[in-house]
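Sending over a structure as structure tokens; questions will come in a sec.
First chain written, first letter: the chains are A, B, C, D and E, and each begins at residue 1.
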């Protein structure tokens, strides 16, 4: 706890400055106070938690699941076949330099206002970190270890399950950590483009109501969601990478 | 292209930004006419026209003082003022009765509000549209809760013809509807006032309270010039349409000449007032507030006098 | 010392992407139970020899016989211990040592039993559930050697196993290795740069001279067993040592 | 070139499949063909290149500059003072788990349609990768090297300029590479929320026109911009990290 | 061998976060031009001694005198060469070697001139504009030593400089180091785990025994100079060596 003492104090100072500043400016529909946001959060808790949170959550979870499955499969495939690697890897790297999110509005045209247009946006921005990190992980397999296992008579399958997968795991988790935070952003942006529920949708809707506290309240929940997901991934990571010394 | 930015004399001119309710179209002819004919400049103004990226920006930014004037819708102004104390007021009524329609494609089989039960309706995310629609369905004997509403931002037509929604509310009889017709789509248009919604000013010009306090003279000057622009438009609709077409944002929002001609024909009578262009009545505001209160869109009773400045009449 | 467990017959080898041949019709013969060290300048092809024996590389010509047999696919026929310990960091000591058994489809329970029986002897008792990162360099090398022993082969190839250890730890590990070897009767091929190490451990020392290697100079170590470090101070050993150093230095330019 | 042969073939196959698929589906206002997009690109070239590209470009460049300056300063400050590090670092890490982009609409209220609302969005999403990577880079300074330099009588300033900065440089470039691609996305998203020009704005506007080719055309330019920026950064990196062996 | 260049007077030291004292009122004395090796079990405090001499750590009691003087801040007073080569990877060989000169505010041109003059002698001619990653281990150690020499101090502390090199390269480096030492008349303190190395190089050998170190056992190497590796085969040297190994092994458990 002591480790984060300074941070906590800084947060308190920043919040206090915000509170005071916002009260002085006194433009609540543009600049809400932190206490105003909290009050709003409390007022709207039922709607936010039981209507909008589930909507966003399902986008995030479905999107992440699809990304993980597709990403890992593609990574394994690339690792398995040099031809596939040569064909796909440069594309995947290049596609990260492309603002794929900018075509998100088109998905609304394709998939309508169903959950899928938002899921696709989420997949689009989480797929690449997962694929790239998993593949880099598979590729990071120590060549000497592989040769050593071969000298013990290991089959391709042995190498894959006993060497490639454990080697890739830490990288996979790094990718997943990035993807998890991206997924929240993807869902929120997806919801801006057309939705009937969801925290991102609700936040933007509150803009149209000139309710700045209402804009921030769902974002507080989104942030909590982001941090929660991150912690969950770190928990899984710790469990399955017990052998790693914490630096 | 940027005639409003002619260097040199613009130095002494007072800068005014006006954010339209949407992309330039026939309803904005009077502004472009005033610009082109130099009425603004004569009043000492350098007017800059902006288009909103989000449906509610013209009100938001006017309230925040980021634009001098914004074009918006009367009931929404009343609600913003009443519910969130958003410091905006209307300074002029531009279109004096509703243009707003519920529009569905003919082959959808929708003919009246009750048919919307179980259907998806797209709208630009304003709470008013929600209430109007509910009111319409209800007065037609349907269950408003069975209608699914989707915020489609500005994408009213594209969501309709790509069949992502079954109907839209917020489409204008003078714009979206003729456009759809021109593209070969047959439509059903339902007028809200046929189903229990009172008449209102479709388009008003709003400004922030602070802007008003600081720059009311500027705004009055703007209005004088705008009125001249309106009068010019009324007298020379063809010419002013041409001015508009010359000023259109071609790459972003190309206008169809015949559509805009039709549109202006519909609009001109709706903009006319014997008390002067832009004049507003307390009764109109009061009846809207009453209706909004009745339908639960307004929680507390607001002060109607704060909502508008009747500068059109005071001329 | 009777049966030949490893023999090269006119073996030639060039790396696919290499321009120079590494071995050229090389012959060699190692008898059962021998301890043979291989010394030679860096890059002379010592590790390559091991890669050929294990089957990681295939000779372009000639025959490599293990226990009198020539295999199409030699992988899995000999035990190989590389320079670094190369333990799998995510496996416990127990699981690391059990790896070759696992790969031979020995059941987990039986593999663990076999490993457990040997742990004490290898000075690893109490560490079975630790991860490699918890162990000292010497201990890691012992796990690595245990794993090599458990490959079940009678021929063990050790490629500079102790080069990363400090001088004193190294001495203990040498003695310990000799002990294990005498007990288990393996045949050991041992690559090293350290002449003292080669002398202390081996029956014979092969010297890798210039590339391509077509002939190995062979030195018989003039010592009986058991040996102690002090035996290396005998004059005939010192003479051999000086000769070896001479041989090696002539090829080295730092 | 041979290295990318397989990729190029894959791209050609994908484009061909798209072209054929789009022609079969024949819904040009939802699904344009690649050739349609190219034609559109050519038709709109003047507008796109001389009106919208400069708008987006200035957002990206100003945003990146601000991020680099602020990020590097904060990183140096954190490296210099353990108290500042303890206060800020956990916050910066945590803020990466927060969908900060979701508050972007508020900036439109604060800054209107001026360039600054978009610049702030860009800074918001590029500031963190630059700060974190620069700081990690500074922190990665080899402790033994530092001690060695101390034994040579090095001053704090010597250590900073001759050791910390060169050590941090590779990490800084990694961060910058991430930031550059993010900046394009940030600018595009910022433009959705309020702009009168810019490639992201234009793309979204075309949605309203049922002009799918017009939606994609500016995205092609955005992508080219992303790749160009990335290549420029890689060029700088190669020049200043000559000593690094290419793996 | 006259003037004392380094002396410890009742020096005690404990790491701030350590529970056990490392040194306890230790006395030692090194004369000008001596070559002293320090051997001792791992963790006995050899590197800590160097950290004290360089000034990276401050003694809690006692006095450390360098060239007869006691400094408040000792940093920069002696030349220190760590175990790994620790070259700056982004600097060329020339710039790496010139680093201590640069830190003493010698102009770049003059620093480069000084380095260039020495490059040939250090076997680095032609490599001045290469980066460290292009060099072999032995060459990197020579750059590192060159850098240490250029620190300008008459006392050089070398902490296991050759432990990462292979045995043969190591022998050449030892000979080369002796050559340099004899030419330059530095005083050298040299930490090693390798008894042969210590015997071959040193005038005296200090043995670090159990913690806290309060007394150093000292051994005079019974050899004159110049020496060759063969001299280590002399019986009296072999006896000293056996004694040293005995001493060290008693403290080690691998």
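The rule is simple: a contact is a pair of C-beta atoms (placed from the backbone, for glycine too) under 8 Å apart; a residue touches a chain by one contact, two chains touch by 3 or more.
This is a predicted model, so every value here is computed, not measured.
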Third chains touching both subunit E and subunit A: C, D
Interface ranked first by C-beta contact pairs: A-D
Per Cα centroids, the chain farthest from subunit D: C
Most widely separated chain from subunit E, with each centre as the mean of CA atoms: B
Interchain centroid distance [CA atoms averaged], subunit C/subunit D, Å: 52
Mean-CA-position distance for subunit B and subunit A (Å): 39
Centre-to-centre distance between subunit D and subunit A (centres being mean Cα positions), rounded to whole Å: 18
Cα-centroid distance, subunit C relative to subunit E, in whole angstrom: 34
Shared interface positions of subunit D, touching two or more other chains: 30, 105, 109-110, 192, 204, 207
Multi-partner residues of subunit E (each touching 2 or more other chains): none
Where subunit B touches two or more other chains at once, by residue number: 54, 60, 64, 155, 158, 162
Which chain pairs touch, all of them: A-B, A-C, A-D, B-D, C-E, D-E
Residues of subunit A that touch subunit D when the two form their complex: 3-7, 9-11, 30-31, 83, 86-91, 94, 96-99, 101-103, 105-106, 109-110, 180-181, 184-185, 188-189, 192, 200, 203-204, 207, 212, 215-216, 218-219, 222-223, 226-227, 229-230
In the complex with subunit B, residue positions of subunit A that touch it: 27-30, 108-109, 112-113, 193-196, 201, 204-205, 207-211
List of subunit E residues in touch with subunit D within their complex: 54-56, 75-80, 82, 84, 86, 88-91, 99-100, 102-104, 131-133, 151
Subunit E - residues contacting subunit C, complex: 41-42, 123, 136, 138-139, 163, 166-169, 171-173, 176, 192-197, 229-230, 233, 235, 238, 242, 245, 248-249, 252, 254
Footprint of subunit C on subunit A - complex, ascending: 142, 144-145, 147-154, 158, 162-163, 166, 169, 241-245
